[in-house]
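Right, I'll just put the structure down here and ask away after.
Naming follows writing order (A, B, C, D and E), and every chain is counted from residue 1.
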Amino acid sequence: MSTRPSRLFHNMNAKIASVPMVLTAMVVFLGGSIWTVVYSFTDSKLLPREKWVGLDQYERLWGTNRWLVSIENLAIYGVLSLIFSLVIGFVLAALMDQKIRFEDVFRTIFLYPFALSFIVTGLVWQWLLNPDFGVQNVIRGIGFESFTFDPLYDADLAIYGILFAGLWQGTGLVMCLMLAGLRGIDEDIWKAARVDGIPAWKTYLFIVIPMMRPVFITTLVIITAGIVKLYDLVVAQTGGGPGIATEVPAKYVYDMMFQAQNLGQGFAASTMMLVSVIIILIPWAYLEFGGKRRG
Amino acid sequence: EDLEITHWWTSGGEAAAVAEFAKAFDATGNKWVDGAIAGSGNTARPIMISRITGGDPMAATQFNHGRQAEELVEAGLMRPITEVAEAEGWANAIAAPGLLESCTLDDELYCVPVNIHSWQWLWLSNKAYEEAGIPVPKNWAEFVASGPKLQEAGKVPLAMGKQPWQAAGAFKVLVLSLGGPELYTKVYDEKDSEVAAGADMIPIWQAADEMRKLAAGSNVQEWNQATNLVITGQAGGQIMGDWAQGEFQMANQVAGTDYTCLPGLGDQPYLSTAGDAIYFPLLSDDAKSAAQLELASVLFSSEAQLAFNAKKGSLPVRKDLDLAEANDCMRQGLDILAKGNIVADTDQLISPDTNTQIQDLMIQFVSDMNMTPEDAQARFAEIIADAD
Amino acid sequence: MEPSISIRNLDLSFGAVSVLKDLNLDIGQGEFLVLLGSSGCGKSTLLNCIAGLLDITDGQIFIGGRNVTWEEPSKRGIGMVFQSYALYPQMTVEGNLTFGLKNAGVPKTEIAQRVARAAKILQIEPLLNRKPAALSGGQRQRVAIGRALVRDVDVFLFDEPLSNLDAKLRADLRVEIKQLHQTLDNTMIYVTHDQIEAMTLADRIAIMRGGLILQLGTPDEIYTRPANKYVAEFIGSPSMNFFDGHLDESGFTAKDINFTVDGYDFANGRKHGPAWFGIRPEHILTGAEAETRPVRLSGTADLVEPLGSDTLVRLRVGDRLIWVRMDGRSKPAIGDQIQIGFNPARASIFDKDSEERL
Amino acid sequence: MEPSISIRNLDLSFGAVSVLKDLNLDIGQGEFLVLLGSSGCGKSTLLNCIAGLLDITDGQIFIGGRNVTWEEPSKRGIGMVFQSYALYPQMTVEGNLTFGLKNAGVPKTEIAQRVARAAKILQIEPLLNRKPAALSGGQRQRVAIGRALVRDVDVFLFDEPLSNLDAKLRADLRVEIKQLHQTLDNTMIYVTHDQIEAMTLADRIAIMRGGLILQLGTPDEIYTRPANKYVAEFIGSPSMNFFDGHLDESGFTAKDINFTVDGYDFANGRKHGPAWFGIRPEHILTGAEAETRPVRLSGTADLVEPLGSDTLVRLRVGDRLIWVRMDGRSKPAIGDQIQIGFNPARASIFDKDSEERL
Amino acid sequence: MIYGTLIVVALYYLLPLYVMVVTSLKGMPEIRMGNIFAPPVEITFQPWVKAWAEACTGLNCDGLSRGFWNSVQITVPSVFLSIAIASLNGYALANWRFKGANIFFTILIIGAFIPYQVMLYPIVILLREAGLYGSLTGLIIVHTIFGMPILTLLFRNYFSSVPEELFKAARVDGAGFWGIYFRIMLPMSLPIFVVAMILQVTGIWNDFLFGVVYTRPENYPMTVQLNNIVNSVQGVKEYNVNMAATLLTGLVPLIIYFISGKLFVRGIAAGAVKG
């Protein structure tokens, strides 16, 4: 073959193998999102229909208390869950990395909640936090009559009750990711730091953590994707209550679409979620995948 | 033929009632394939709608009687059953004409109403009042007055589940039972926001304020858990539709002896007629289509109606039945129906969208003591103004 | 003079595996000691024990006369340079140099002084604000040394600091390290498995094998009077040529060959018995010069490796292969008949059983 | 004779970065060509282009007279050995050897024959059922060569096949590769940045820099007559010594020193003007021998590197540093005054501006 | 000190499991009276029997057992297909970069952040148009689609960490796209496949929404029964039955975790997190 082969057939097999990915990306994710955005400008109720209403759905969305509460909840949950799962996950991983015995046992214990669905997690924690049966009752039972611990029944605390369960379920995975990252750090770095007389905590904080950037990024993607989708846990644990104290955007979307039978409103809310995700992600995606090539 | 019927009747009384339908339908030589999905209509409805719009419909499905399926019918995804209704003369047998009307679009009948539910009931626990040492109240005012005593006895005066629809339901009971049918019609049917914002509604909101205070200690989610508090005497009473009676029956409680019911909260004896209806998605299979008609016929038949509603605690949709077994509470309900003191339920008057907005408002009002009745009323009036 | 570092009866095991066994070593003030040995012989382990990075199983370690056996690494007065450099990747060069000092609470002005001095010595002043990722291999190496330098300590420990670099750079930096030692005059322990580095840098070399020190001596001693066959073979490239044979009054007999060993300086008086006779390639002369040597043989060129400066030739002598180092201008062809000669005085003879030098 | 490999006007860019620029190269049948150059000069890139592992930007590649520019790697009749060996970790040695043949649909008996032959040549018969993880570095290296060998191709490509091994093993395997070439007699292209390897293995060496071939010639040519200052400096360790000065009728003048260049073989007739005068350390003689040379200087020893076989000495001559290679037995002390002498005929002189050989 | 901390934290993680197990072994009266942390006075397996074989949803009173095989039937092919496709994607992205591949990949990653609920409708339409709605195939495809972003990310990172020379060697040996994938990459990648398998088994086995929306009742997974058991309250919540049902449902992923936990960390360490 002396002529340059056509660009199109170059890597043909790779392209064929990528068809499912391309279809998923273009048709499902991109197509589905565009469809959603388009129909967010309609007055669709139970079924999608092309009755254009401009920005009405968005006006209503931003005038709805429940949506605002949902956003606020997601922000609280998201920020705290990110911080705590990273911190707890990292601390656990650091402890596990001390060449301890029974590492397998501990790791399995920290990881097993991840095997359980959010529905199950929600259910168990709903029960543990139920003032009539759970922790509060038990502690009152042993004599502390005035002990109060009923986060799920206190509108101000309920979202933290959900956070509690979410962390229980998710930190194990974060720990595993962090542990893998720690294992990837060159031993010599530790030795150098010891020779320099740097205390362990400082070594972690100023040297090891900055070196684990890629691990943190992967972890961040996984945690954040989970946070944005937060739904099952809330439904199983509080159903959005008490009142609307634990409503979250995904639930708003779902309820609007299927309970209120106001697809247009649901789509508008989805679009807002999508837009915020993209705003957060595009710069990062560009840096991670667009700019650099493997050498 | 095997027909798959999806529904969300999964609580104890409900499941027993469905079994009666299944038995009756199986007797025709067909088979009832049960597609129960628990967790109330909010879980089940998206599944049903998805399947119908996705092109894989079930043979029949429950929806609340009202506007929930309106668009599916308009989109031509449902089949009419007019021929059965006409052949069997349903129009003459129906207890309240409104029930069939809301199943009708362009002169075609699309659903079989299977029961009549009314929301306006206050269920009281005789045991709780006995233990608190006070007589069982006869109306809302007495009930409110009895609150402190019950609390002293370590009971929750009013049991109320923490789900939005329960709060919204209780509120509309207050509107009809304390405000009367005119106010109810102005607000929910005519969607008159001035009335909703006006002086007539102020006492209702004050009652709602009292209601939330009485309900403050009930830490349950599900309506039937709340009912259970009443059954066990842990709570004084519960505002809940007549389906609650199914739970009392399951617990072998006797109306009048173990529990007391106050239709219209004991004040205004008006009931709203809502209920469940069965719709029939359009199927391509002819044999199944034929069986759908058989099913419709069975659902409306006198025997099935009697058996189903006895178990479910609701009222049958036929007026030509002999309710010999009806208990005290059912009789009271029947009497009111017979007097024609009925109004259409909000499900038929307002869209699910508006309904959801009201639910959001009410659940917030109930759980957030900082929200004043005035604020709530203002927001309520806004929703009514925008309602469709 | 008091030794700078003393190691007494050092034992170290990883679980059941004993890596260092009853090891003793004294290193003088300002000495440059190289630990040389093949992979896995325990060089890094020994260095880590000295640095305090491994907890020893038994024995004692003194640095500057102080028993530091259970001291923290940072308190031992040592600086260490690692094979992978172990620079802190997210800090600038300056950050790398100062991190330890800041942590030890050294005053700012003092830090600035020390960094300036180290940067000057290592000529890395223009790099102070770069991150390690933006440095070449040689520059990173220098920064790693700088990090030890600013600590102002008496003892420097190097663990194969040049082995990740390419040949050219390795040669240059070798010279720099040598000069650094001459400038600073502090004690240095240097681990390597490259004998050129060992030979050129060391005041003394310790050849290790299986956790033991086989020979400790100056490069010259080790090169010319290896204590045993392992050392003799390990040092020198191409390796020493060995004849397997027997030593008696007549001299050395290996199958068909027999030659005198007169002039050989026996370690403990002349011995007889089975022995290895070893002679280095560069001690074998060829051509006219060969004629002047006590022992003369002849062989055919079997492989020729011209290095430019020298030419290595492998000769077939009977069934033996013998490497010879010739002048860079000699270019024998394969198959050429070549006369060789050597002086047994420059050979090394080892006992066949103990492999110890005779 | 038709060349085995011809490269015509090869261009290769990664995006905007042009790595190979209009490169032409002919490699003869059975020739051993070494690509030598410092890191990042494009050696691997060129090899990958020949192998078909990189799509070239422009130009043509012929192997065995056939235009293979757009051929699949497996269809080019080449075998390749990688720096990290790239053995398939989950296959046995035999699996590694036969993978390519099975892919090509070679009959079973034929495969068995070829594997047996390769295993015999490389002496890896006892290893055939082991997995790569159970092999030593040298053995892995041999298996990697075996994988190219069984392909029964005319051209072997090696990308720094020895650079992951330690010095000792490297020397041994170098010899083996040389012998393999003598046995098989097929064309080999060998990438390295180790000049010892290049000098000993190559029939011809191509010195690369920044994607260009600076000089292509036999090791001897490159060593004795480097085409430019870069090559002169790159080849040889320690590097060639350079005097910065001026060439005129009287000879070469560098500040305070002046000496004759009579006997120097100018490339294109004698030239005058600013120039570099370069002389290799091993061409500088010392002591009594120095006296016999046309040019004589004197300096003080500044750094001494005893290598055992030789001793490298850095002398300070005025403000210049000059490396000299002395006999292994000479052990000058630092500060010793040393007489040196050399013959300008063995020097290399380069134009100051173009740095080309004069 | 380290062990102390670890043990305290471990207790926190174990507490819910302990409560679940203990509760599932108690009778209802005991639950109503007592303390949730107290061990059962009288151990009864009735809740387990009921959860597995007797609990009712609507008319069907055969507990979780009816959903178990459905779950297996859904999970096995879904896990298989989603891993197969995602690993191919990762492989194509890491080793055969073609123009535009990274754009698709970026979209895919953003897709990981889209709440499932948002996609419910478009997918109903897509499946309807493809004629797959309601079939097991449709559900398997849905699982494959939603597993794709994270799995592709993991595989891409993993395959990127495989030395490029290995890939080149195989090309010289005449192996093509598929040959390299099946003969070289797959056998080398056990750890990452274990990671992917664990993630997918957990996700798909625990899925409720897709299982119920995109299939018919005869194919409903176990979680639908679980939801029904847990959510259809008959008067008092039967906590013991709920807990038994919960444990039974979680058993399969739990077992997989216990078996392959070690490989999990190894797999992640082997490259899944090297961004």
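One rule holds in what follows: a contact is a pair of C-beta atoms (placed from the backbone, for glycine too) under 8 Å apart; a residue touches a chain by one contact, two chains touch by 3 or more.
Note that this is a predicted model, so its numbers are computed, not measured.
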According to the touch definition, list the chains common to the neighbour sets of chain B and chain C. A
Looking at contacts between chains, which pair has the highest count of C-beta pairs? A-E
Computed distance of Cα centres, chain C from chain A, in Å: 55
Inter-chain centre distance, chain A versus chain E - centres from mean C-alpha coordinates, in Å: 16
Identify all positions of chain A at which a residue touches two or more other chains, and write them in rising order. 10, 254, 257
Would you mind listing the residues of chain B that make contact with two or more other chains? 46, 53
The positions of chain E in contact with two or more other chains are 120-121, 125, 227, 230
Give the list of chain A residues in touch with chain B in this complex. 45-47, 64-66, 130-132, 150, 153, 155, 239-245, 254-262, 265
What does chain E use to touch chain B in their complex? 56-60, 120-121, 124-125, 127-128, 131, 133-134, 212-214, 216-217, 224, 227-237
For the chain B and chain E complex, residues of the former touching the latter: 4, 6-7, 9-12, 15, 18-19, 22, 32-40, 43, 46-47, 50-51, 53-56, 58, 222, 224-225, 227-228, 231, 247, 250-251
Along chain B, where are the residues that touch chain A in the complex? 41-42, 45-46, 49, 53, 68-72, 75, 162-164, 219, 221, 351-353, 355-357, 360, 363-368
Chain A residues within the chain C interface of the complex: 186, 188-189, 191-192, 194-199, 202, 206-207, 210-211
